[in-house]
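In the two assemblies presented below, chain A is common to both, partnered first by chain B and then by chain C.
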Partner chain A sequence: MRAPSLAMAGLALVGSCTTEPPPPYGDAPPQAQVEHRQDLDAPRLLRRMSLDLRGVLPSVEELDAVEADPALVADLRDTWLDDPLLEERLVHLLAERWHTRTDAFDIEHYDYGFEDHEAYAWYRSVGEEPLRLMARVVVEDRSWTEVVTADTTVANELLGAHWPLDYPEGETGWQEVAYTDGRPAAGVLATNGLWWRYSTSAFNQNRGRAAAMTRLLICEDVLSRPVSFADAPNLLSDEGAAEAIATEPACVSCHATLEPIAATLYGFFPLEQYNVAEADTYHPERELQGEADLGVTRAWYGTPVDGLGELGQVIAEDPRFARCAAESFAAALWRREVALDEQAHIDALRDELVLADGRIKPLLRAITQTPAYRAGSLSDDAPADLLDRERTIRLLPPDVLRSSLEALTGFRWTTGDVPLLDEDSDGVRILAGGVDGEEVQTPQEEPGLTWALVGAELAEGAAAHAVQTELVAEEPGVQLFAGLTLDDRPGDTPFDGTLEQLIWQTTATRPDAQRLDELHQLWLAMEADAGAAEAWTALLTLLLRDPEMVTT
Partner chain B sequence: MRPPPSPSRRALLRGLGAASLLGPAALHGPQARASVSASRRRFLFFLCRGGWDTTTVFAPLFDNSLVDMEFDATAAEVGGISFVDHAERPAVRAFFEANASRTAVLNGFEVRSITHERCLRLLYTGEGEVGADGWPEILAGHAADQPLLPHLVLSGPSFASRYRSGVVRTGTNGQLSALLDGSALDASDQAPADRLSQATRDQLEAALSSRVADWTATAPAGVPTSMGGAHMDALDRLAELRRSSALLDAEPLYPLVCGEVWDQVATALTALEEGLSRCVSVTFDGWCANGFDTHAGNAFQSVHFDLAFEHLVGIMEELDARPGQAGGSLADETTVVVLSEMGRHPQLNSLGGRDHWTTTSAMLVGSGVAGGQVVGGYDDEVVGAPNELSTGELTSGGTRLLSRHLGPTLLALGAVDPGGFVGGGIEPIGALLD
Partner chain C sequence: MHHAPVHPVFIAVLAACSGPEGATSPVDTGAAPDIANHLDGTAADDAMERNVAETFAAVDAAMAVGIPDPRTASEAALAILELGDDGTCPSSTLSEQGGSFECTATTGYAFSGFFSLMELEEPNGQAEVFSADFLVIDPAGETFHAGGRASLGQTTGGSWYANLTGSWVYPVAEGWLEDGASSNLTAEGTSTGPILTGSARWADASLNFHQVGAEESCGDGVSGSLDVRDPGGGWLGLDLEDCTPCGVLQDAAGEALGEGCLDALPDALVALDERLSQ
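Presenting the complex of A and B:
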């Protein structure tokens, strides 16, 4: 890992919020980063951090604590960076960009003898393999460079049973293990999961995979360059095509970049695209085939490499690798693309990552201190481009809706154990605003019809489950209604206290008297028609669909 | 890969039968049509995914020795449309015989990439920038009558940013209907014993609408008003959709055997007929969903095309049979846009397939289309021949067509000023516009 740029040191960040001390890595942020932005108040900021880092709402006690002492936001945030929930949350956050959590691959579930009801578990296991490795690197505070250099992967018992892995027999769960088929140490670049998502063909010869690598690892989208066959003469003859690749600028720019990278991936090149044995096993004997097939020397942007293992090391040393990590994690937490005029800001975040020896947790900490992350509103005189760009309010992605409501109410919206908010064959992930990595590649930013519909059904299911469990059956549940009975009515302490606490916990906002009165009147009207249990189900449904609940 | 099918010929029989009964004058399609204003025109996007081989139907390049044409195919012409004819693709001929007068083929436009994902983005957005809206989304966002489901996506991609809230996906397995009728929750592992009564639900929805309105009105500066507005709009549209949800349960027009999308087509047509949508999108992945991406075994293109044209015959028959809103048929008010993200190499590879090619074709059918013609063309190198946009005349000083020309053309058909959506100097292909 190289030393941080001195030129960049002066651009390091400072959060604008008064609730926590300035970060230790710089003096002042660029004025443009602070100007026109106002932070969320401490409870709402805490809520945003909790949902972003853990996928669950903060507890009432945590909200109470930061309400009394806003400086505790930073302490709790630091605690959550070590929370076991961070790993699962990172898997979903990374999936929005890496697009590996798809519902289908070239190799289908029945190729391994799975029944249809086992398809979801299998496809998710495959797609999550590279994501789990990256998340494990983060939560164990290892250098991000291991993402492209590790000699292990992270697999579960399904993958362990079918792929050449030293997964311990009889065990279950996601564990760090190694492939046994001779593949080099290259982190995610040596995972089946990545290359099943970014498959190749005899025609493509790993070029698409190389393009995916440059986009994901150094934020350079080679495929965004225009490719015109009309500008290149004689492409229909072999000689003409060869000459175009060698001399036509539009051809050269892609081929010269991608083919030396593609040539390093031939251990993953399948002789038959839909053959299981070809797809799940590495082929060391093919490593040199790429140079012959593509007529290039294996290299990364002009630096020769002797194979995939060295390629990973060279990528790790590429300055663009750390910068891309900073940019992509910032975009993930800002919930938007990074703008051109924010590049200096990204440089400063990159420096923070470098100073931390490539560990991502300090980077996440620094991002949560940026004005763009903390913004809850903009000043009246904010320029139009900032108003258009900044996400002062963000929709909860489907995975956070799922996990937060499950933690809050105990409700799991599944069919045959398949979470409906997590897939699209029969589920509603896209309809809820999510990303499937194929048809939809960016998360929904504003409410839409199907988003509202999914939210309505999910909220009613969650509310009904909690009410039935705790108030009707009087089982322990998750203690959402602790101390309340169906006999309590507005004005009774248990009723009023429960309602206020539910609003506080779900929105991190204290309700005013008018709001409480409105809800009391609503409950009474519904109770008169349908009884207390249904009135509570409806009231909780309403709270779970509240605009301050479904956003951060 | 499964063996090629023996597809149903029902569409052929329907198409030829209907045309024959009406006599020669009707062979190439209806002549007189009720007019509809462009602002009320609707669109059905039919995407043939995978990159089709234009030499199978659209590009009869038999005179070009550099092109590997199908050996037993022939050049044909029906009603001003020249195409590649083959005995095993009767639906293609049937389609042109029934619809040539209202069909325009656009040949030789370039989608400047050779990867599927990038080509799709370029095809639908022109420039391909992240955050750009697709043509269906823009058209739907400018619908004159604010339909309930502005762009109904039955399957396939959508590219939306500013107009994302107008995109409504059904899910590929009836998910939208299952959500609306409650079965998605009722059939779940922790299904509620009882659902809320309608009276309670009405009270709940009213309270939520009021709450969202208050929240929107009191939001601090810089909180996008579009967020609250979109939330309100979503709730309003949801309430309306619940009242008309049965419309989304259209039965497939014809049996689903292997890869047909008659179920999606049925819902799409219903949405258009009922005025629920301005744009509907259906993606066809070929016979048995094998896709048009035939790097090996190019013969599958023939099977895929024939089945695609069976669908197009059926779609046009249904559009003709259903009433529009301006006194004529739904066909008078609907433009069918038939696309694929890229073309295929003019020469067969060693596997008997064809690799990717940046130049391709598209087809527009129906309302607003200057039919009975092929616009554009392929030069000796099988890339786009320059043409005069307003007339379609091939001329060396003309414009070489790109995917970005398609957008302004579609926007013009929909009465949307393309100025804010495409780069400067990109004009519609006027020759395609009636």
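Presenting the complex of A and C:
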């Protein structure tokens, strides 16, 4: 029988999506890889989806439901794709790739008169601007093309007060607004947040920005190309480098592409790199300067454009744009890079995106159906390359550690106004396996010493907070210990029920008798030594740093 | 709300999937500027005529405010540094060549940033260069932003030249500085007046100048060409004809849109000449 085409496979998916549509493998699924993967069981898969899409653990009721009926996993996932928490989660997921949530920019917080304790809020506001536009496009089910064509951005009251935006006076929070300085409609390509992260200089002249664009938007990383400078002239002088860019074949191979793109970005080219007015305001009068300075016609891979606005339109029409969206979201949820032999998967996901008119939610849904996403283990005889690359156990990124433990225990780990898991000057974002966008550009994939130490500190703090709040002070808290008192002991129904529920909710795994007995013994030993509150703190600390808790 | 329309381009992408990865298909740029809208017949003609007139009027309005110049920028900047100085702030950290400052004076002025004032060898000749990256907040809460360079000098040929780059604004100033300017503009003196080259945005006009000014062969007239950005983001061209401030406005494709004159241009050039040739 003749296999259906990729497009037909995509159409078939659309037609059969009343419950859980078949995974979009395309017409050539790598059967060997499918066979060597075993899916997570339904509760663990639900847990992975909840943490990936919402940043919080599933509730006990949700876990109970899918334990009884695994088919409900798909229903809950679809519900979560419309959960308000998705937007915040997407901001962090996108930040791992777009690298704009950095702790510093050329323009410092004090340039706007902010005090040091306000720096975190300001830098995050700047860095999240493009991320929040993308996240808003996703959650509102708009076409991903708007990421490069929208005439709006998403800003909060801090940005609204200092940048040329029509942010409504007296309001707060992230809102969709427009710049008032004449910049073209080009989605994230017309945001200060993106170009503050990818700044340029008098010599670089937007070339680095152009390279960032090709990497982020069409998954072409010119910096990854092998280039030999063996025959190049002197590159240490500006003149020598400029000549090489124009004439040396090894240089021209990239720069012939980059320069015409760079020439479209001169409205964002600062003549004084560290000056506020130069950096936060678009300069429309400089739009034509790029062609003169770089000696090229503005273009996108050979297609002439009349400026940044049209560049966004042309990128949106580039077949690589949709494919790159599919690949980058797959990589984000698979928690690893996409391998060369998985291109058929990506093509199928791309088709899913195309058939959904560019809406990302159907793509996210399709990705959660792929074997790579659902994999919980690999068979012993799996091929070496699959064993090497597949992430069957995934570390929780710092933002998910933070949000899930805060939701579970009410604990916020901060210094001043700064969440320690979200910053690196005073905090531990990188130590916890996160991405700062400058020094570290990909999430940590394997456990490490600092990751373990951060996890231990976080677990202890969260456990102590929950115990002190709910059991010692007897305040409502988040009802983690509802029905339990410090007088309850192993063997009492409230004690045993609470312990089993805690394990179930934190790991989506039912504890066996041996495990429960071990935990009882631990609690009793601690209680004898330091009292019931300390015993519960120790027990909960142990659960919160359990490998099955801090991974998916 | 400003949502961009949903583009059916993903359908086009799907149709293009059979092509080789990485290849881009020819694109209809649809690049017509706003001014050349797609209305038909009389309505279109009327709209275009109005837009042409508005374009000339907008540029003229900018000319009437005055062309941004380095002397205005540097003098205003130095004046406010001196005006707000209480004897120690900011002067205690400054020399004649400049310095950096971060202080609030007893006069109520707050200073932050740096400037330098130097004699430099510029491409056109020897120049006095005022470089600045600072802001001063006056007691009324108004901010002087200075970010760029203001150069004034003598060319090797014996005439003056001036260059203003960067962003400059002080809302309580007069002339172009009141609304501010973003500039990369050079003016060079000739026996008949200044000639402008480069780009500048001020008074809601974004302009590129190509040898605009009093070319000697024009006598008292003006020549050169300008690029004018329309509010929709397109660029229009204007070649000044017959030594007059008049010409035909053209779209990016070179199509004539309508005639008009920049009546305020000659006087603006004279004022600039008077200011910079002092």
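Throughout what follows, the second predicted complex is superposed on the first by the 500 of 552 C-alpha atoms of A that agree within 3 Å, B and C clash if a C-alpha of one lies under 4 Å from a C-alpha of the other, contacts with A are read in each partner's own complex, and residues count from 1 in each chain.
Here is the rule we go by: contacts are C-beta pairs under 8 Å (C-beta built on N, C-alpha and C of every residue); 3 or more make two chains touch, one makes a residue touch a chain.
As the structure is a prediction and not an experimental result, all values here were calculated from the model.
> Is A:425 contacted by the first partner chain B, the second partner chain C, both or neither?
first
> What is the contact status of A:118 with respect to chain B (first) and chain C (second): first, second, both, or neither?
Neither partner.
> Which touches a greater number of chain A residues, chain B or chain C?
B
> Is A:184 in contact with chain B, with chain C, with both, or with neither (first, second, both, neither)?
The answer is second: A:184 touches chain C but not chain B.
> Between chain B (first) and chain C (second), which does A:289 come into contact with in this model arrangement: first, second, both, or neither?
second
> Which holds for A:300: it touches chain B only (first), chain C only (second), both, or neither?
In the superposition, A:300 contacts chain C only.
> On the A-aligned overlay, A:271 touches which partner chain: chain B = first, chain C = second, or both, or neither?
After superposing on A, A:271 lies in contact with chain C but is clear of chain B.
> Looking at A:106 after the superposition, I want to know if it touches chain B, chain C, both of them or none. Which is it: first, second, both, neither?
A:106 contacts neither chain B nor chain C.
> Looking at A:354, would you say it contacts chain B, chain C, both, or neither? Reply first, second, both or neither.
Touch partner of A:354: chain C, not chain B.
> Quick check on the output: what are the common chain A residues between the chain B footprint and the chain C footprint?
The overlap between the chain B and chain C interfaces on chain A comprises residues 274.
> Using the touch definition from the top, list the residues of chain A that touch chain C in their complex.
Contact set of chain A toward chain C: 6-7, 10, 110-111, 142-143, 145-146, 149-152, 176, 178, 182, 184-185, 187, 220, 271-272, 274-278, 281, 283-289, 300-307, 309-310, 313-314, 316-323, 347, 350-351, 353-358.
> Please name which positions on chain A make contact with chain B in the complex.
The contact residues of chain A facing chain B are 36-38, 201-203, 208, 211, 223-224, 226-230, 233-237, 274, 337, 375-380, 382, 387, 390, 392-393, 411-417, 420, 424-428, 430-431, 439-440, 442, 444-454, 456-457, 460-461, 464-465, 468, 518, 522, 525-526, 529-530, 534-535, 537-538, 541-542, 545-548, 551.
> Along chain C, where are the residues that touch chain A in the complex?
Going through chain C, the ones touching chain A are 1-4, 6-14, 16-17, 19, 21-27, 29-31, 112, 133, 135, 145, 147-149, 165-167, 169, 180, 182-184, 199-201, 206-208, 227, 229, 231, 233-235, 252.
> What part of chain B is in contact with chain A in the complex they form?
Spelled out, the residues of chain B in touch with chain A are 1, 66, 110, 112-115, 117-118, 128, 130-131, 149, 155-158, 161, 164-169, 171-173, 175-176, 179-180, 182, 184-185, 187-197, 199-201, 203-204, 207-208, 211-212, 215-216, 219-224, 226-228, 230-231, 233-235, 237-238, 241, 295-296, 346-347, 349, 351, 353, 355-359, 381-384, 400.
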